[in-house]
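I've put the structures underneath this note.
First chain A sits with chain B, and in the next complex the same chain sits with chain C.
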Partner chain A sequence: MQLVRLIVLAVVLIVMCVLASRAKLVPGRAQSIVELLIEFVNGNIIKNTLGLRAGKHFAPFLITLFFFLLAMNIAGVIPGLNLAGTSVIGLPLLAALWTFVVYVTAGVKKRGIAGYLKHETAPPGLPKPIYLLLVPIEFLQVVLIRWASLTIRLLANMVAGHIMLVVFIGLTQGLLLSGTWLVAISPFAGALAIGIYGFEIFVAALQAFIFTILAAVYIQMATADEH
Partner chain B sequence: MDPMIISALEGNVASIGYGLAAIGPGIGIGIIVGKTAEATARQPELRGQLQSTMFIGIAFTEILTLLAIVTGLLFG
Partner chain C sequence: MILAEGAQSVPSWRLLVPLPSEIIWSLIFLVIFAVLFMKFILPRLNAVLDERAEKIEGGLRNAEKVQEQVDQLKNDQEQELAAARQEAASIREKARTDGQKIVDEARTRAESENERLLASGRQQLSAERIAASTELRGEVGTLASDLASKIVGESLTDDERSRRVIDRFLDDLESSQATTR
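After this line comes the complex of A and B, so read on.
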């Protein structure tokens, strides 16, 4: 487990360092792939949530988060590694807590502690009694539910994907070696396993994307001006 | 371990609970994606923005189902 994370981390760091040290104006193939991904984070995630101007300050954080999670998730479908770095709770928790610290810091820096809490927990323009109900819920949401849900979402998706792969490949092997007429079904189970493998590649990218976009949304909620 | 044992599904109450928990978010995600498809058909130029909104909505909805997994671990 730690070995998988270490390998992924080393690969990402080395690739990034090499690419950054010999970055050219006319990019080669590897450099253009990385630039495409950065452009994707910039254009699709930051532009649509924070806006390019306000998001410039948080762009390094979000891009780092995206690459980190993408590499760790992809490790789950690389033959030989076989285990996503994010499928044990420590890493998603770390990333989620990092996000929590970033958006709270951004909000507090902008409004001060009291102003930030008021901004997040008490949206203006509601009847008075509602606030009794709303403020505790919103407060719990800010300090607990947001980062806990980020953790659980990433973790559950990666664990479920891993178990699904194991179940279908195990099923294929079990049917193939069963020695009865069930052998005839095993190709279908194998095809399903390969299909799920492809789906897992998609899920790995999607979860990195969703984690990053939610981080951006939370920062936007913390720093946005009232309309 | 014997692969037959791994692939054997054990029926218990927790899996029924998970099935129940998957109903609501399933309907919800269906509505979200369907409405996004409608909106994209009306205004194709807003596609990127609509898609990010769709993914945010899906993320908030699917967490309810994923919580069921945690509930199974806690009380199962």
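After this line comes the complex of A and C, so read on.
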């Protein structure tokens, strides 16, 4: 597990470092792809949630998060690695906690601790008794549920993807080698396995995107002005 | 298959509760990645991106400026052209009026000259006529007196008397001419 992560880490960082140190004004193909990804995070995640100007401060964090998760997720569908770096709880948990720290810090820096807690847990304009119910729920959400849900969403998706791949590839192999009439079904199982493989590539990108956009949304909630 | 075999030996709650080593390794990887990414890779790439954006923007602005200049020049040129055309038209107009004026002047001068010539010719004519008539008067007188003396004889050669007779005759002639005219 750690070996897979190490390999992914090393490959991604070396490639990125080489690209960054050789970055030119007129980009080559690889540089274009990386720039496309950065622009994607900038345009689709940061611009839509925080706005480009407010998001400038958090852009490095969000882009790093996106690249990190994307790389680790993609490892799950790379032949030879076949294990997503995020399919064991350590990485999703730490990434989520990092997000938690970032958005709480941003909120506290803007409003102070009390102001931040009030802003997040007690939306204005509600009848008094509701607050009795709302404040504990919101508080729990801020300090626990947000990062826990980030962790579990990512982890569960990656684990499930991995298990599905294993199941379908194993099924294909089992059917193919069964030696009975079940061999006839094995191509369908194989096709399904390939389909799921493709789907996992999509899921890897999608989960990285979701994680990042939720992080951006949490930051936005922590720093937004009162509506 | 590997995972399935592993799951039998590991209780399922292990999925959500990380081992200490897992946390430590993850932390190391995350920190390495984050530091390298945020401190080196992103600034470089962002610098390149910004530089490019700036360059493109500068280029666009430059193009705009040049376009503006071109428009200005074109405008100026057109204005100059229009002014030149107008000037040419006015010059042509002036030339035409000048020519007309010259022709008119020449015509009036010619007319006056003509008139003058005519008048002088008439004057000369009348002067000549007067001269001729006076000369005739003299000659007619002498001729007539000669003729009369030849007819009447010596007695009428006396100058004093003949002149008086001739003068009276001519006066009569003149007055009769004036009444008939």
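Couple of notes before you dig in:
Criterion: the second predicted complex is superposed on the first by the 227 of 227 C-alpha atoms of A that agree within 3 Å, B and C clash if a C-alpha of one lies under 4 Å from a C-alpha of the other, contacts with A are read in each partner's own complex, and residues count from 1 in each chain.
Basically, contacts are C-beta pairs under 8 Å (C-beta built on N, C-alpha and C of every residue); 3 or more make two chains touch, one makes a residue touch a chain.
Keep in mind that what you see is a predicted model, and the values were worked out from it rather than measured.
Partners chain B and chain C, brought together by superposition on chain A, fit side by side with no clash.
In the superposition on chain A, the chain among chain B and chain C reaching more residues of chain A is C. When the shared chain is aligned, no partner comes close enough to touch A:113: not chain B, not chain C.
Contact with chain B, but none with chain C, is seen for A:49 once the two complexes are overlaid on the shared chain.
By the document's definition of touching, of the two partners only chain C reaches A:6; chain B does not. Once the two complexes are laid over each other on the shared chain, residue contacts for A:34 go to chain C alone; chain B is not touched. By the touch criterion defined above, A:152 reaches both chain B and chain C. Within the superposed three-chain model, A:137 lies out of touch with both chain B and chain C [touch as defined at top]. Seen from the CA centre of chain A, the centres of chain B and chain C span an angle of about 110°, rounded to a multiple of 10.
Of the two partner chains placed by the overlay, only chain B lies in contact with A:213; chain C stays clear of it. Contacts of A:166 after superposition on the shared chain: both chain B and chain C are touched. Here chain B and chain C sit at a least CA-CA distance of 5 Å once the structures share a frame through chain A. The residues of chain A shared by its contacts with chain B and with chain C are 152, 166, 170. Only residues 1-4, 15-18, 22-23, 25-27, 29-30, 32-34, 36-38, 40-42, 44-49, 51-52, 55 of chain C touch chain A when the two sit together in their complex.
If you check the complex, the residues on chain B that touch chain A are 2-4, 6-7, 48-49, 51-53, 55-56, 58-59, 62-63, 66-67, 69-70.
Within the complex formed with chain C, the residues of chain A that make contact are 1-2, 5-6, 9, 12-13, 16-17, 19-21, 23-25, 27, 34-35, 38-39, 60-61, 63-64, 67-68, 85, 88-91, 93-95, 98, 152, 155, 159, 162-163, 166, 170. Per the touch definition, chain A reaches chain B in the complex via residues 43-45, 48-49, 149, 152-153, 156-157, 160, 166-167, 170-171, 173-174, 177-178, 206, 209-210, 213-214, 217.
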